[in-house]
């Protein structure tokens, strides 16, 4: 891959531009689906590199660089920030009070733009089509769906493969890949159950939703403890259970907010059915006067890396970064909506992780067994990837992956 | 009531006979519905007194003494013993190993026979019909129903009123009466719920009836705590909950034995409905593969004393025994099948208690707050009423009550 | 009681004044412990009648009328209104938006002032001391305690007896009395239990307070269902159970608001101990990292009518109103802080109810079995006592009760 | 491995002897720790082959064949049968009523004896020491411990490696190997919790152990659902929950039989601690009058295959049987006490599975998705391994594994 060497030499020369861009993005975070300034900035750069740019799904931006016949590769970066008040004290900290790039999406943008710039600059070293897709609203699971709903599949050339990446609080310089599930499917569910209110001294006139909700919470535990095959990944969390406001008034309803996580689509369906069965059964046991209500929201699909694609990309990473830097990633329990993009086209994909913690800090924390305490993870107000070499490596990763399909 | 004075003078003279009869019965206890020797003995005495005797419901014995025109009074004594091994050490202790008159029914027999003997001997002092009914199988709730099923109401003259009495571990010499409920309705219920068995290491192949039964037990608590009006008497006890025999085999069913107690027929119906609703709801929540089964047994009716009858009898007791001996009885949570007899005729009834504990023993225990420890209650292997004066008082009570309706 | 006839003749003549006062108070309701205008108005009237007036406990007003040697009678009226938006449509409806005399305290004030006026006008018919006590903050259980804490017992002559009354949605013209408990003790309790928060996908890093709270709620049911003697009045309601706000965040605490009601002081203590035992046990079972917290609030004492006092007052009511109007009141499950006043002096008391629903409306609802639907109860935005004759009867009741002790 | 070819040629010639031996063992099953006839028979054969034979742990038999200097290999077969009534209808079915080799241990014996015979006959092809260990009482987890307690480690030469194998209802001809956990640790636990008995109508005099046990059962679900890392293997089954015998008697205790399964020693310890914490917390919540009791039994260790040993043996199997026959075994949830043997010496081990179901039967069942219904598994009264070629393959496996360390 002679092209690659060439590219990466350029990369080093261009880093100052990319660092400035990253800091600018970090200073100007925008909440999900409101990434107007960010989208404009991305469009400006892509256009400058020579990509054909479209807006899809509101603040989604896609650049397409056609470079002769060949395969089509789609790389995706997510672009939204979080409602977190930054506490890093960095000189490029957020200037948008209460909003922060606490999940590293700014680094995703900067590295994909960096990759696009180099792909455009080295068109002679590869052939085919490079699609740089910048997706809004990942944090709320709204953005990928918005792009799909806006006709993504019809508006873009169909890719042969799609890539996503995410910075993670691992040792900087490392890249994690794995075939199969790498991020869980995540579903949120609001359950409303109905009782009959009464004065607290007259329970016989009531159907007590507080007791009903308690029974449901305990019974839901059996989905994981009894109904799921031991050792199979499944989480059913009741994150919130709320009913009533006064000690002496029996309320007329209770509300539960559930979150489920799975790596297996059939199991996910079965758990949803079990939740509804349990809730309905408990409502019947309580003599509830109205049917319970189920409202699903914040639904993240499973991120399930294609085996052949992952093998190919892992081999390319091994060759480029050296085997010691590329590790077998354990699936994480977090969720993403990236896979809706390749699923809209019906094409294989792989998603990898990029370490962002200075090596000495990371190793010391591992030695002390204090990783979770000492190292600010994504969503922390202290989250701050080491720009060097994280930004360079994330950029290289995008290029290496693209060239694995496009290099001549 | 000149007759009464006359009668009670006779009573004192006849006591030796009655004491011997009581001891003979105590030595020869027989289990419910197997009271053959006892019934023969009763029949022999009644016939000797001049009563017309019938067998009704197997070991039930009824003597009718017609004595001119007037009202008809029915007095009932229960006659069965318990599967208890006597531990009193009395010289007239049970000679039937493992069976004991531990509930005082022998005293009920002896006092009703004593009353019958005196009613027969003093026919000139009253007019009407005296029915002395000796009922088998009270302990199993089978005997009164057996008599009713055998045509009780058609075989006997319809009484104007019916009486029952029971010795209780209160101070000897005292009689307790109360209008309204005096004994609870008692219902037993066997609930079988179905799961699906599996090896203990494969819960996902099972529907776990152990967890299902646990959920039901907890949910049943809400019938009393939430569905019953505060302060209204209701008991729902799960006396037995059994499932499985080995740690590593998930069984395929669980069995619950429930007991409920009420003083209110509508509430009793509502509780039964609530139990079934809860069990069915929990089975639905569990995904139980088969409908649960409900089997009611040992059902005792409410003993609900007629107000006017009780007032009349209480007044008669006050006059005869003196007001200090007659107290207002609190309803007890035990149950009886006596009321099936008057209910078969549709006539009013009252049921009273007769104290059987020596006064000094009783008062000392009350002072020490150790009544429940120091005084053997009914069904205890140490239960032993003080023959004197309990036997005499119980006999007098039957006569006083009868004469309240029959004396001229 | 010649005096009484005299008084009540005057009463009829003065009714217009009393009706106007009632309407004025109804138009100007004030929330608990903020009854400034109301207190001023009461003080103005009492002073006009010739009572010696003190402010005790902030907005509490007490008038004392000494009238020669004799016994001392204390009558109490509560004066606060509720945070309810009136919906009666009356022409004298509340002019204080969001505040309403929805519990009838305005009628209590007007009738006690009416009684005071007449007691003062007819001093020649009685001897002794009449204390008219107007208590703030009944609804929040704060007012009686505030008066006691402000030195009530030292500031007033010690009464021989104390009276309280309350309008209730029974047939107008009826008065209910009962010896022993007439209103329950009511206690509120905030329980905070602690878990350890974590991301919803990582329950193994958490101690889940949602599950902990659910276990507590179910376990609390057993206090009534298993630990309380069947038929004994006890209520343990969890009126609110709140934990968490998001589906995918396991919160770090849960909060329960409990309300308990009892008629028996020993049982009340035992239930409180049981609640704490259960909560601590469940926290231990959960591995909770911090001790739970218990905060009692809104504690209402038992209202336990003295037997002799009640008998005397009931007899006086029977004589004055006629026996058909005076009924045996069933204890109600609501609570009051009235008894703190006589308890501060250690004197006996009785508390009665005054019906306020037009007879035809009430009887029709009883016939239809729709009392709870058709008749607005206390605290309803539609609550509206029939001024006539409720106001007159409540005034007469205060006078009859006072004269039972003071008439010569 | 010239030796191997030589050996396996002999194997074919000796099969008739081995088949007869297998059938003889199958006809004469003996229960755990009572394998007297079986042990005698094994000793007779081993002695005949020239092994030095010892009895260790009662019915345990170990033969040692020293053959010059070299490494020492220990192969273990378990020898006990089950209390199962055979239903196969085979002409060599059990002649010991109610006892059956339903787990294939007879095949383990016959194949290890077959391997020993060949090792002895081909001493020129290898050097070192071969230890053939026949262990009693595997089914009750008693036998390996009995051998260890009897001084196993002191009585035998220390092996370099140890092997175990088990027939399984997989396709005949296949062998399953895996590094790391292959069988779970299994622990049984009897928990006794104490209440206070009372008549069913007097729950307030009781501490109800039925409700207590129900709370424990529900709370135990949270060990897997909340306390265990999602996706980590753990099972906590309450296989039996028993309390009470009559509906109207509240019993004084409840008994739970628990089974836990883990692949991770630290997690196993943590789960045990959690069980005890939950039970103690629930007993405290219930006001239980006595400490709960915990009695562990039937404790099976984790079978955790050494990685290097497994790799070496897998390679040897691949070479001998062909790669298509050797598959990567998924850990199973069953348990074994084999590992106590190598653990007594502190040496590495591997344990593999041998398929025993005729290929066409197995494949058809897989196609139909009816494996669990159509193919009798271990412990079934219909369990019947296909003698050919299971017996030959199991014998070859023992030889191949031994020669991997001993062949010259």
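The first chain written gets the first letter, and so on, giving A, B, C and D; residue counts start at 1 in each chain.
Here, a contact is a pair of C-beta atoms (placed from the backbone, for glycine too) under 8 Å apart; a residue touches a chain by one contact, two chains touch by 3 or more.
The structure presented is a predicted model; accordingly, all values stated were derived computationally and were not measured.
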Field: A-C or C-D - the one linked by more C-beta pairs in contact
entry: A-C
Statement: Farthest chain from chain D by C-alpha centroid distance is chain C
Task: Can you check how far apart chain C and chain D are, centre to centre, with Cα atoms defining each centre and the answer in Å?
output: 71
Whole-Å gap between the CA centroids of chain B and chain C: 44
- prompt: Roughly how far is chain A from chain C, going centre to centre by Cα mean, in whole Å?
  reply: 57
Task: Specify, in ascending order, the residues of chain D that touch 2 or more different other chains.
output: 201-203, 208, 211, 215, 218, 221-222, 225-226, 230, 235, 261, 333
Task: Name, in rising order, each residue of chain C that touches chain A in their complex.
output: 184, 186, 188-190, 199-203, 205, 208, 210-211, 213-218, 221, 235, 237-251, 254, 257-259, 261, 298, 333-335, 372
Field: Contact footprint of chain C on chain D as seen in their complex
entry: 201-204, 206, 208, 211, 215, 218-219, 222, 225-230, 274, 277-278, 280-287
Query: Taking the complex as given, what residues does chain B use to touch chain C?
result: 218, 221-226, 230-236, 261, 263, 333
